[in-house]
Structures are given as structure tokens and as C-alpha cells.
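For reference, the structure is listed below as C-alpha cells.
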Amino acid sequence: MVATACRYSPLLLLALMWEAAVRTGLISDLVLPPFSAAVEGWWDLAVTGDLFPQAFASLRRAALGLGLAIALGTTAGILMAWNAKIRVFINPLIQMFYPLPKSALIPVTILWFGLGDMSKIVLIFIGCLLPIVVSSFNGARGVEDVLVWSARSLGASRRQVLWQIVVPAAMPEILTGIRTALAISFVLLVSSEFIIARDGIGFMIAGFGEEGVYDRMFACIMTVVAMGFFADRLFQLFMRRVLIWRE
Amino acid sequence: MTSDGAAPRVALPDPGAVALSALFWKVAPAIPIVGLFALWQILSASGAFNPYLMPEVPAVFRRVALELVNGEFLLNAGATLYRALAGFLIAAALAVTIGIAMARIRIVHWFFDPILSVGFPMPKVAFLPVFMLWFGAYDASKITLIAFASFFAIAVNTVAGTQGVDRHLVWSARSLGASERKILWTVILPAALPQILTGFQIALPLAMIVTIVTEMLMGGVGLGGAMIRAQRFADSIGVFSGIVQIGFTGFVVIFTMRWLRRRLLSWHEEAKR
Amino acid sequence: MATGAAIAVENVSHHYRPPKKRPVHALDQVSLEVGDREFVALLGPSGCGKSTLLYLIGGFMPIESGSIRVNGNLVTGPGPDRGVVFQHFALFPWKTVLGNVLYGLENIGVPREEARERAQKYIDMVHLTGFEDAYPNQLSGGMKQRAAIARTLAIDPDILLMDEPFGALDAQTRGLMQEELLSIWQRTRKTVLFVTHDVREAVYLAERVVMMTARPGRIMESVDTRFDEAGPGVMDRPEFVEKASYIWNRIKGEAIATVAARAS
């Protein structure tokens, strides 16, 4: 507890510097509200406003898009490693779409799926899919032959080898890929909500920014930062639980 | 791990069939790509979908070709690449410096460690309105945001790479009479280079994503701006040709980075693979 | 031997302090002298602190208590007077063999032409002629260790500190490297402190074998291992076998103690 507080103390220092810089007039409060005002704005939004429903709407989009990408991506990646013929057909598509900055798809997803949830979910799904496919493929392909051979010689069927050897052995890389996708999902979420949306935390940031309500804008930005941070931390905890055998 | 589906052959297969099957697997990788475009064209030509939602493939590629010839593409791609690379290079210089300082100076580590651990997973684009407020809607704010978005991944990997340098290498250099300064340049930096480059390879696609978003939001010359203008004028051929152009630019950037990695790490074990 | 000792270790103790774990008592009141041009092997069970002692003499880690003198001067840090060869070679993988050998020569200010000549001389000495432009990852384990030895010899240190230098090599390469090291030592006559846990290697190579106890490491006994005959044939002679089995019996108890301590 104390150690954690100590570790994160520079963030407090940063907040104090922020507050002091504005209070002393070093930075005009026209371009930067004092830290305390942002905290106050956060409290107002949390108690009276709709910060939590909006944040939840955003999280739901990210979770659905990412969840779909995990389900399809891990399956496709492992299948590609399992069967050379499947690989021949999927790999060219991956090579073609991998380098595309996925934010370029925002106008098309809006064109096809409208301004609501669906366009964001599809965008996040596409953006998260490829890193997960690639990491699942690398993980499953990197399984040592001797592991598979020992399982086979111990009487495991091909199916059992897949579930009991390949999937667990590929797990570290699969989870690393999902962690990358998690970060991408937040970037695409906020970007698409900036560009066109009717609700969500990114929509709120952009809206308060345009109206010049900067204390609330900063409050929402801090909320997104916290969401990204805690999502990643939770996932890391989960990874450590799942990969406990690795130490 | 590969398929062992091939059953033991009893009879020798017909040599003609073997040659045909070899030929098939040679052209097989082109099938999904050609198939994708063909499917698209069939769907759009069938009239089942509004041509606005699904313009015909030849029309999109005609537009790409036109903009390639009239210089539009080079102008937009140049502006986009300039912003992406300027932001990325600023971030790289800062992040590598701070990352190395963190691995060697305790107080620097104390200060930046929590900032990196919060900054690495957070969606950096969320700060876009802040940078617009501070630096306006022109290149200054775009490049600052791109640098901000690239910084954390590079810094995190530089710290990990620098801390992971085999101490025996440093000791060898010391006992061979190298100064601390020389050790930094000739041992620590090259030893951390593979991981620093990994940081680059994570940050560069992020920089491209953010570049396109800033251009879409702030307009101006650039691939993202051109695309959002096309959308506003309901020019869906323009939108799809924009995707092709952005995809091509992203392809060039990412493959240049891969090539650079292979060049710089020719001494590394991974080059043998 | 007491006067003019090349290495004089006096009452050195050392603890490792891994973060979030109990400190490990690695060395306890160790005193050791190595004479000028003497070849001494430091023998002990794994984890007994023999490598730690070598690193302390190398000046890589701060000395907690006691003192270490090299040629009469207190050790405060690493220096080109003590060349080091590590088990895993520690070659710079981004430099060629020649680049690795030149590295130390540049640091001590040898002019370019002379440095090239000297580097070539030592590359020839370890039989790597023709591999000057190869990168370490293109070499076999034995060749890597030859390159590392050439790099160390090139700056002409008075003392060679070797940390299980052949521990990562296969048995055949290991035998060849032992021969080569002996022939180099006979030509250059440097003081050598050689850490190993291989009894036969220690008895065969060294003039004197110093045995250490299990953790915390203390000096147990020092045995003269000079024989009248030279060459690998000596290993079949009864006096060699007798010395080796004496040393093995002394060390065995310590090795068992190490295994038991690890199991608990």
C-alpha cells in the first residue's frame, strides 16, 4: 500500500505543479483550468451529470468489439497454424490489411453502419482482429515439436493435442496480442467518438472542448485515461493468473 | 506444427496431377485477394446495394490512378507522412533519451516510472482537444499529438531494453578500459537496440492511426483530410480510394521499418531466421 | 609467494541483496593469495561464491568488507590490468571478431596500425585466422570463446581472470580449449585465476587448486597440483588420479550440502 503510494507520488507532484502553474498565473486559466477545477468538474459530472452512463456506453462498445475480435481472431490464428491450407488463404488478406491504419475505416463504418453503436463496434472489431490473429498464429506455430510428439506418444488424439498442448503453449503470445488489441480498442473508440457520435465519453470530450467548458473536458479526459489504465492493469492481473506456470 | 493430413501413399499419383496441384498452391495466395475484389465487384454491380455504399472496384481504382497522375496523391501522402514522421522522430529522440536516463539515474526513474505506466495504456488521442486548444488546428498541434501518442511505447521499450543489457557485456567493456561514456554508446545502446526498435515498431502504426484521426478532425492537406472531405461531399468513390491510398502509405511505412530493422540488426541472431 | 603476490585477498565477505528477498551470504572471511605468474584454479560446488570472488577481484562489484590488492594496489574498479573471460563469452554481438579484439586496444590508446597488427597476432594465436570479419553469432561456441580470449589477451593484462570459461562447451571442444589455454599460458606466462567446478579440469590445468566450501563460501584447502609430466597423458598417471580423487572426496560433502540447502 505504502509502496504503491510512494511509486505513484510523482503523479501527485505533477498535479500539484499543474495547480500551482495556473494559480500563479504562469499558465492562463483560459487554456488550462486548475487541477482542482477539473476534479470539481468531475465530481459534478459524476453526481449530477451522466458521466457514468456515457462511460459505460463507451466501454460496452469497446468490450463488444474486442470480445468479437478475440473469439474470431484466436480461432483463425490457431487454425492457420494447425492447417497449412487454411494459412495459404488467410495469410494474404492479413498481409494486405495489417499495415492499414485502421482509423482510415472510420468514414466507411459510419457509411455502412450509421452513427450509433454498430459503426464503433465494427471498427474496434476490425482494428483488434489482426493483432490477435497474428499473435495467436505465432504462438501456436511456436509450440515445440517435442511437446506435440510427447503428447502424441502418450496417446493423445489430435484434438486433445490442440486443446491440451497447443492452446496452453500459445497462451502467453495470445494474451500479449490481446493486450495490444485492448490498447488499440481504446484509441479507436475515442477516435470514432470524436469524429461522429451521439454519445460516449469521446463525444463528451469533443463536445465540452467545442463549448469551451474546459474543466469538464479535462474531467472526461482524466476519466478515459483512468479507464485505459485500469483496463490494462486488470488484464495484466488476469494474465499473471493464467500464466502462473510460467515462472 | 504443421498438418500431417497426408496419408501414406499407396499408389504413385499421376505426375500431371502433381504438377497441377503444385501450380495451384503457387497461385493460391492470390486467390483470396482477387476473390475479395471480385466478390465486391459482383455485389456492387448486382445492384443489391446502393452504389453509394459500395462503389464499383474499377471506379475506385480509376480514382486512385487519376490522383496518382495529377499529383493529388503525392501531395496528400507527403503531408501525412511529414506529420507522422516528424511526430514520430521527435518522440523517438525524447523517449530514447529519457528511457536511457531512467535506466541509469534513480531520480529520473522515480519521476517517469508512474507516468509511463499510466501513459502507456491510456488512449493518447483523448488529448487531441487539449492540443488543439493550446496549439491551434494546424501542424503544430497535429505533430505534438502524434509525438505524444508515440512517446510512451518507445520509452517503455527503451527502459526495458536498457535494463536488460547483459551485465557481463558491460563488465567486459569496463575491464577492456572503456569509459562510462563510451560504454553507453558502444555497449548499452547497441545491446538495447533490438528492443528499442520493437518500441518503434509498436509506436509507428499508432502514429499513423493518430495522424489520420487528427487530419480527419482538423482538415487541411493530407490523406485523412481528403477522405473526410470526400465523405462530406457524399463522394463515396473518394472515400474508398482514400482507404486504398492510406493502406498503401501504411504499407510503405511499415515495410521500410522492417527493412531498417533487418539492416540494423544484421549481427543479431534473429537475422539468421 | 607471500611477497610480491599478484592477487592478495584479505578477509573478504560478501552478501547479495536481491530485492524483496532475504540477503544471501555469499562469501565469508575469504583470504587468498595468488603468486606472480601462478596458475590457480578456484574449485567449489555451484553457488559457493567462487564467481563472486572473481567478480570482486575484477572490480565489478563493490567490496563490502576486507580488501583486495592487485600488484600491491587496492582494487576500486575494473581495469585493463585484469583481463576477464566469462563463461558465456560476453562478446559484443554487433562487432566482428576483429572489431571485438580491437575494442580494448582502442580504449588503451594503441595507434590504429599497431592495433590492427596486434589484433591479428592474437587472432592467429587462437587459430581464428580467416574469421576476422565474422560476427559472433556465426561462430561455434568454441570459436566464440577463442575470440573472447583473443580480445582479453590483446590488451596484454598481467592477470587473467577466467570464470568457468569452458563451462558452456561440449566435452571435445573443452579438451581442445584446455590444451590451447595451457599452450598460451606457457607462451605468455600470465597470472591466471581460473574458476571451475570440474575437478579434473582444475587438477590438470592449474599449478594449485584452492577448494571452497558451500555457501557461505570459505577457503577450505589449497593443494599443489604440479606434476613432472606435461600433456594430456598425465591424466592417466596414478599421482594425478590420486590427487583428483582426494580433491573430489573433499569437495563431495560440500556439493551434497549445496543440494540439500537448495532442497530445503
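A, B and C are the chain letters, set down in written order, and residue numbers restart from 1 in every chain.
One rule holds for everything that comes next: a residue touches a chain if its C-beta (ideal position, glycine included) is under 8 Å from a C-beta of that chain, and two chains touch if they have at least 3 such contacts.
Just so it is clear, the structure is predicted and the values come from calculations on it, not from any experiment.
A.B. asks: Following contacts chain by chain, what is the lowest number of steps it takes to reach chain C starting at chain A?
C.D. replies: 2
A.B. asks: Among the chains here, which has the CA centroid at the largest distance from chain A's centroid?
C.D. replies: If we average the C-alpha coordinates per chain, C ends up farthest from chain A.
A.B. asks: How far is the middle of chain A from the middle of chain C, if each middle is the mean of its Cα atoms, in Å?
C.D. replies: Their C-alpha centroids are separated by 51 Å.
A.B. asks: In whole angstrom, how far does the Cα centroid of chain A sit from the Cα centroid of chain B?
C.D. replies: The mean C-alpha positions of chain A and chain B differ by 17 Å.
A.B. asks: Where the centres are mean C-alpha positions, what is the separation of chain B from chain C, in Å?
C.D. replies: 47
A.B. asks: Write out the stretch or stretches of chain C touching chain B in their complex.
C.D. replies: Its residues touching chain B are 55, 58-60, 77-80, 82-84, 86, 88, 90, 92-95, 103-104, 107-108, 135-137, 151-152, 155.
A.B. asks: Any idea which chain B residues touch chain C in the complex?
C.D. replies: Where chain B meets chain C, its residues are 166-169, 171-179, 182, 186-187, 190-191, 193, 266-269, 272.
A.B. asks: Under the touch definition given earlier, write down the residues of chain B that touch chain A in their complex.
C.D. replies: Residues 1-3, 5, 25, 28-33, 36, 52-53, 110-115, 117-118, 120-130, 132-134, 202, 205-206, 208-213, 216-217, 223-224, 227-228, 230-231, 236, 239-240, 242-243, 246-247, 250-251, 253-255 of chain B touch chain A in their complex.
A.B. asks: Note which residues of chain A are touching chain B in the complex, please.
C.D. replies: Residues in contact with chain B: 7-11, 13-14, 31, 81-85, 88-93, 96-108, 110-112, 140-141, 143, 145, 148, 166, 180, 182-184, 186-191, 194-195, 202, 205-206, 208-209, 214, 217-218, 221, 224-225, 228-229, 231-233.
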